[in-house]
Amino acid sequence: MSVFLHEYQPYSGRTTALWSRPLVLARYGLQEAWSSKITIGLFVLSLLPCLVEMVMIYVADNPVARMLIVRGDSVLEINEKFFLSVLETQCWFALVLASWVAPRLLSFDLGDNALPILLSHPITRFGYLAGKFIAVFVMLSYVTWFPCLILFVYQSYASPQPWAMSHLGVAIGIFVGSIVWIVLLSLVGLAVSSWVKWRVIATGAIFAVVFVPAGVGGIAMAILRTKWGLLLNVPVVMTELWMRLLGVPPFGNPRLWLPTGAIITVLIAAGLMCIAVLNARIRAREVVRG
Amino acid sequence: MTPANDTIRFENVSKFYGEVLGVNRITLTLGPGITTLVGPNGSGKTTLMNLMTGLVQPSRGTISVLGLEPANATQFFCNVGYCAQFDSFPRGLTGFQFVLDGLMLFGMSDEDAHGLTAESLERVQLDAAAARRNIAGYSKGMRQKIRLAQAIAHHPRVLVLDEPLNGLDPMARAESLALFQELGRQGMHVVISSHILDEVDRISDRVVLITGGYLIAQGNIHEVRQEVRDKPMQVLVRCNSPELLASKMFAVNHCVEARLHTDGHGVFVRTADIDQFYRVLNEIAVEGLVKIEAVAPADDNANAIYQYLIGSDGSAA
Amino acid sequence: MGVIELDRLEVQLGGRTVLNGLTGELRGHAIGLLGPNGAGKSTLINTLLGFHEPAAGRARILEMDVHFERMRIRQSVGYMPENDSFIGNMSGVRFVRYMAELSGLPANEALERAHEALFFVGLGEVRYRKVSTYSLGMKQLIKLAQALAHGPRLLILDEPTNGLDPMARQRMIQLIKDIRRQGGTRLLISSHLLRDIDETCDEVLILNKGRIAAISNIEEERRSHRNFIELEMAGSTEGFAAKMRSLGCECACFPGGRVKLVMPDVLSARDLYVAATEQGVQIRRIQQRRDSLEDIFLRAMEYEGGRVDHVSLPA
């Protein structure tokens, strides 16, 4: 028998690599996001359209089912347009999910002034944001390119003719289109959450940031009689981008078509603005001038 | 017996916030001078102060501050100044404006208000240039000073201060304590709540101990100490052979307990008769067998009273 | 090895020079950081943590440069900020574990160390509740626990007893003393309460207006100055004072029976008692008035120009 004295002891075990610390942040961020039932609900909701689309693919590729259900009408054809609408649906659901998840990641830290303690650990501001970014990115990936590509694979499997090779561009388009959207959405989500104090308002603000410029752009278009106002219209810009990535032939008024270069420039500018906001807001110490 | 309009009186006062206890059955009389309010966090100190300054009404019992009822707002607030613990200010104001606006509420003329503001800023030693800056840029210590300035600007007769030294550097603390002493000497009723008990000891005329919403003790520190009879007075004697001293002390019958200090160079002696103790100690010192280095009462202060009456878990001992 | 080395360190914030040419070396086990408001203490701590970049000069902690080896420093440092700083939505354990993992501990070890740290600071069942429900004292303790969990070599504590009631304050001071006694961790404590610094630190750095006003080793100060004595007596002190003066002491009487005197080396406390008995007065209190921290601090503040002044005495 002995009496054990528990005194404070320094740590002498192994430590993890410095670059992996943002992953710690990502892991905790994801756990935090998943701990809410609303997240789970939104997630399930976002995947429901995929189920519907899976059924549609099955029906389209299965002659017997086709006969029974659509009585032989060739209304349903699985091509780029189909996958464009799949991608669009998933990406707009991703917006809903992002507007819920991103505030949860940042507002708890900022609300209780955790940044001084957080940044006093071996993690830079960039590492901190990288960790949060990875968390949102992974979350949104689950509802965008991941299910879309699964549908693609299913279509390749279910299709009677060899379909995959000729439509490989579609797959790449889906992937790239999703990534571009997710990156932008993550940045916007994090930037708005760092700016706005309350979570609920941040959620609304993310929607506002995505849709309000469209109104402004519309006004600019009407007053200045130019098509460049459309560049502020996020739904239009993204749809154009996705159409070009997936190889869907353009439609509508040719005078309103936007050059690809302009689209890319606008997206990059938006991304840089978000990064600037994050740079200003994520600081260990406020400096009050004067 | 001091006349009613020179004291702060609580008669059987209770305050409940719904079911939650604020304070229960407090009967208290405070005269002029400095009173220190001591107790753990959440013990009811802030409630007591809010009751005293008329910010909340008691659920039961009556309060009279210098003969005035808190319900009679206009007269009451002219005589009471409150420096709260909480650190929020109206946005966009400079320090000077903050104090000035508070004064204007008393209905005095612009000139008078400016004069009083300048005077109170000088009293708290906040320099004029800093006072013209926006409060948002103030350090913690400066914010404390501006709150204090606002509380004393209108020359109240009762001053209630909730942790007024929080965040002040040592020199500002000494200056503030000197200011409070001065105000106490002028006959004001100054009620200070503080956790730093040795500062409390230095300036207060009486102490009020409160815990869990109940009044535990009130009065002059030495009197309160003497009344805690189940803990006889304790004196620390530092010497070169504490065991020898302890054995000599045990030879007299008023020594209740002798405990060696952990570092081996001193002994804590508890005695039921402090006068006799000192006499015996003097004799032992002259005898020369024990070399005395230092003698100090170990528990005749607010810290000891706190420990005996309130204890380490915050509940009444 | 110096714990903190400063070499003409200059830091500017918002266009103002907040720290102006700090030079000095601190080696103590527990270093106190003192100074009036606005002297630059927070800025110094932030610079040591790598939050601010030095405009000129250098600073080193534990032989690591403050600007270039920031990550290594943050690995070995635990920080307990003055203001509220936590993640309210997490339980205490999860918060401390999170911080430990950020400092590089693998997940399982982080959990073990988190519980150890919480046990050491004395947070019991409370650790499973969300931090937003904690009282002020508990929030201070959780900040300390997260600073300790990864076993830092230097602990930086900013006003650790802020807002604590007397019992909690004593417990915090005791914790700090325990950490210091254990020996493997150095401490840098910034506080406005001279008593706290006096009890826990052996060396102090005093800042004023962005410059070093004094670096002083309290231990050395305490060992000297043995001959300043303060007495409290019952009875008339005049005769006593006269007698002591005749023996060669400098003596001054104050109201309330207080007497201050400087004794030459040949005399001892016994002589005081003999004289007292002769005069028929009783000595109730004897205190060797060491050159207390308050005096060191006030002396330092008088050097308005901010000259570096090493207040240390010959060994």
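Order of writing sets the labels: A, B and C. Residues in every chain begin at 1.
Here is the rule we go by: contacts are C-beta pairs under 8 Å (C-beta built on N, C-alpha and C of every residue); 3 or more make two chains touch, one makes a residue touch a chain.
Keep in mind that this is a model prediction, so the values were computed, not measured.
Trainee: In terms of Cα-based centroids, which chain occupies the most central position?
Mentor: C
Trainee: Starting from the Cα centroid of chain A, hunt down the chain whose centroid lies farthest away.
Mentor: B
Trainee: Nearest whole angstrom, what separates the Cα centre of chain B from the Cα centre of chain C?
Mentor: 24
Trainee: Taking each chain's centre as its mean C-alpha position, how far apart are chain A and chain C in Å?
Mentor: Chain A and chain C have C-alpha centres separated by 50 Å.
Trainee: Could you work out how far the Cα centre of chain A sits from that of chain B, in whole Å?
Mentor: 58
Trainee: So which bits of chain A are touching at least two other chains?
Mentor: 288-290 - these are the residues of chain A that touch more than one other chain.
Trainee: Please output the residue numbers of chain B that touch at least 2 other chains, ranges allowed.
Mentor: none
Trainee: State the interface residues of chain C toward chain A in the complex, per the touch definition above.
Mentor: Contacts found on chain C: 13-15, 46, 49, 51-52, 71-72, 74-75, 77, 79, 81, 83-90, 98-99, 101-106, 109, 113, 116, 119-120, 131-132, 143, 146, 148, 150-153, 178-179, 182, 184-185.
Trainee: Can you name the residues of chain C that touch chain B in the complex?
Mentor: Against chain B, the touching part of chain C is residues 34-39, 135-137, 162-169, 171, 192-195, 234, 268-270, 272-274, 276-277, 282-288, 294, 297-298, 301.
Trainee: Residues of chain B touching chain C in their complex?
Mentor: Interface residues on the chain B side: 38-42, 139-142, 163, 166-173, 195-198, 278-279, 281-283, 285-286, 288, 291-297, 303, 306-307, 310-314.
Trainee: Considering the complex alone, what residue numbers of chain A touch chain C?
Mentor: Residue list for chain A touching chain C: 6-16, 18, 21, 24-25, 28, 32, 108-109, 111-124, 284-285, 287-290.
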